[in-house]
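As written, the chains take the letters A, B and C, and residue 1 is the first residue of each chain.
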Amino acid sequence: MKRGLAVYAVGAYAFLHVPLLILAVFSFNSSRFAVWQGFSLQWYRAVAADGNLIEASVNSLLIAIAATTAATIVGTLAAYGLWKRGSAWLSGSMYLSLVTPEIVTGASLLALFQWIFRFLHLRLGMHTVILAHVGFSLAYVVVVVLARLRSFDRTLEEAALDLGATEFGAFWSVTLPYLGPAIAAAAMLAFTVSIDDYVITSLVAGVDSQTLPMVIYALARRGVNPALNAVSTLIVVGLGVLIMLSERLRRA
Amino acid sequence: MKLRNAFLAPSAVLMTLTMMAPLAIIVVYSLLTRGAYGGVELPWTVENFTRLWDPVYGAIFLRSLGIAGVATVLCLVLGFPLAMFIAGSGPRKNLYLSLVILPFWTSFLIRTYAWMFILRDTGIVNSVLQSLGIIREPLPLLYNDGAVILGLVYGFLPFMVLPLYATLERLDPNLLEASADLGARPWETVVRVTLPLCAPGIRAGAILVFVPCLGTYLTSDLLGGSKTVLIGNLVQNQFTASRDWPFGAALSLALMAIAMLLLFAARRKGEELL
Amino acid sequence: MNRRTFLIGAGSAVACSRGPRLNVFNWSDYVAPDTIPNFEREFGLTVRYGTYESVPEMLAKVMSGNSGWDVIFPSAEYIQPMRDMGLLGQLRHEWLPNLGNLGPQFQQPPWDPGLDWSVPYMHGATGVVFQQNLGWTPRAWSDLWDARLAGKLTMLDDPPEVFAACLKTLGYSLNSADPGELRAAQQRAIAQKPLVRAYLNAEVRDQLVAGDVAAAEAWAVTAAQAIAAAPDRLAFVFPAEGFPRYADNVAILRESSHMEAAHRFLNYLLRPQVAAAIVETTRTATCNGEAQRFLPAALRSDPVLYPSPEILARGEWFAPQSAASQRLRDRLWTEIKST
């Protein structure tokens, strides 16, 4: 059974990583078309020289980190609150946020912001993008964390309360540690939906908040651009190395 | 109970601002008349909803439900063993979990272009098969429903694996051993013990896969060659090329209503919604 | 391009304090890398430069009238609608001495004959790009219904373009709003669908170069790029029945509070050297007649980007559609896609 699972996992990881491998290979292609012509580093030079691409990548990472942090904290608290006792308004709005098509979320948020900005002297920018991202990634966090809470033994928390812990103390020292793996998984999902969003972002972005997906869609409108392969490879390798390092540190 | 309210307050404020207020705007839009070049105008009308009673749109809804359903089932079947593997991999589980999500930190468009490169006539699969002499003419792998479903399964697999992992991880190995000691075969243990215990995770995963799949539009454009429309495409078109925001809003409300109905239907009696 | 570092919020506040600032909202990939920096240096202005991917996206942002943008680049068929909505500011010709540099056919364009609201910027056309080893040469839209192309043909994923090709094979105007003509065009599109491999826009470029696609309805810009990559295999034809032409224009929003700076920017873009430098980067067709002299010969004589006047005479400009016609077209398009 165990060996069977391991063999299956190798296949599954191959499936998930095949496209990455391909774009990594083509980021070293000397042709701009998807036909192999020879090894070249020209696309990496193109990325290094493109201030726009770098600025957008940094913007994307900043937005994703800010939105993930906020959504994970707020979402975990909300999941805990909902687990204690349901709230039709909140769980209803969570579900609605999952079922709303992106373009509709984007267009209606833009309309809302434009209406508010008539009264406040504000403009679209990083703040509106981050707010939108927290909004649409919140439901993902709540769904994942709540799924784990559903299998939590309430008596453990009650025991802590009986032993004199405050309500918050019981949450902090008993429930929260139990939620760890779900919070990690939820944060990863939130980061993923944030860093990959194009439709909503492009509608609520101002000028100083161009993100990587926006630049990528702009470049791709003219067909495949190998500089994009190079940027993706750099991001995946960079984050991959970070993950490996943190894993090493944690275990050391 | 005070603590609960304090915990719910931030998300209630956020969801009101980023979900409920925009939703109110959408409802208002759906009851107005289209501006000639986008936007909305008076007078009020319900015509955008009466237009929905049309077999063309009904067929598109059914098709979208079917494709989202197939993709969700495939994600569950493919994702469950992977989640079991990760949950059972001891100290390395965080690493393995990251490896599931890592490919998704590249842009959707770039991943999809990579799949197009694999599937197209002069792509890797066809080239290899042709050079091995297995086929002579390239197989039409791209631009059909199969390619769309492949794209959806690939794109949403982590949305199934992560919630499954989050519930599987707490499964007591002793429980599984007990099952084995009592003479159950491994697959019996999975069906009788593991599956029922991680039902909340399966439900969460199914929601996170099915619902976004239902509203998808780029995958069907890029891997399906835009040869068919799904509801997502229809809504997208109203807000862009067709510039008919009120009808787009009505379509979207219909889509949201159907999805909500399905979610309510899927929950078991007496259970909380989420 | 704007090189200011990303400082959340603070970035824009800093820029605000530094003298007059112009806010330019353009299609992506539509200026040369040094176009904006050179302008900033010469005129001592700061430019906030943003890009969009489609006119609806741009319209959604500027329609509220408080978007903060000054200069935008609408397509020709949107000039009249945007005027009707009161979004455009009237141009002052005394501030635009370089207007005379426009090519003769853009001195009085049909969508804005007096150049009161817009200045033509780039133009293009739609036609057929094909592999030369087909064994036969497509010359007309109707050749795209040839069964020999089955599975190797792509059409644009853009309703006005597909309707244009179908309407032209029937001898109708591509801007037709006549329900009978549109239904006939829809039947043409449905009849063609079994042959169609996919509906693709710019993505078709790579598949033409790789050889997956034998013939495609394509924008001249896309075709020119594909042909440049495989000049001995690919060719382009402006279909015999007539073909769509489009133009993007520069315009100033009425909400702009930097009218003079905006006019300076428009006048700067009209300089032949500036226009030529932009074309060398973007590989599009400029509306600036004087810029031709500054273009490399290969680009200036590219028959796909700059066809002869006789060929261009067969072209027809896209015009705005009424709400009713737009709605019928959308419905018919949904049916084409659902069959």
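General observations
We take it that contacts are C-beta pairs under 8 Å (C-beta built on N, C-alpha and C of every residue); 3 or more make two chains touch, one makes a residue touch a chain.
Here the structure is a predicted model, which is why all the values come from computation and not from measurement.
Contact with chain B and chain C alike is made by A. Across the assembly, the mean Cα position most removed from that of chain A is the one of C. Between A-B and A-C, more C-beta contact pairs are found at A-B. Each chain gets one centre point, the mean of its Cα atoms, and the points for chain A and chain C are 34 Å apart. Per-chain CA centroids place chain A at a distance of 15 Å from chain B. Of all residues in chain A, those that touch two or more other chains are 34, 107, 217, 220, 224. Under the contact definition stated at the top, the residues of chain B that touch 2 or more other chains are 239-240. Residue positions 57, 60, 203, 210 of chain C are each in touch with at least two other chains. Partner chain B is touched in their complex by these residues of chain A: 1-2, 5-6, 8-9, 12-13, 15-20, 22-23, 26, 34, 74-75, 77-78, 80-82, 84-105, 107-109, 111-112, 131-132, 134-136, 138, 140, 142-148, 150-151, 167-168, 171, 178, 181-182, 184-186, 188-189, 191-192, 195-196, 198, 212-213, 216-217, 220, 224, 228-229, 232, 235-236, 239-240, 243-244, 247, 250-251.
Only residues 54, 56-57, 59-60, 63, 78, 81-82, 84-85, 151, 154, 157-159, 193, 196-200, 203, 207, 210-212, 320, 322-323, 326-327, 329-331, 333-335, 337-338 of chain C touch chain B when the two sit together in their complex. Every residue of chain B that touches chain C in the complex is listed here, in rising order: 34-39, 56-57, 59-60, 116, 120-122, 140, 142-143, 221-222, 224-229, 233-234, 237-244. The touching residues of chain B, counted against chain A in their complex, run 1-5, 7-8, 10-12, 14-23, 25-26, 29, 78, 81-82, 84-86, 88, 91-111, 113-115, 117-118, 124, 154, 157-159, 162-163, 165-167, 169-170, 186, 197-198, 200-201, 203-204, 207-208, 211-212, 214-215, 217, 231-232, 235-236, 239-240, 245, 248-249, 252, 255-256, 259-260, 263, 272-274. Within the complex formed with chain C, the residues of chain A that make contact are 32-35, 51-52, 55, 58-59, 62, 107, 110, 114, 117-118, 123-127, 202-203, 206-210, 214, 217-224.
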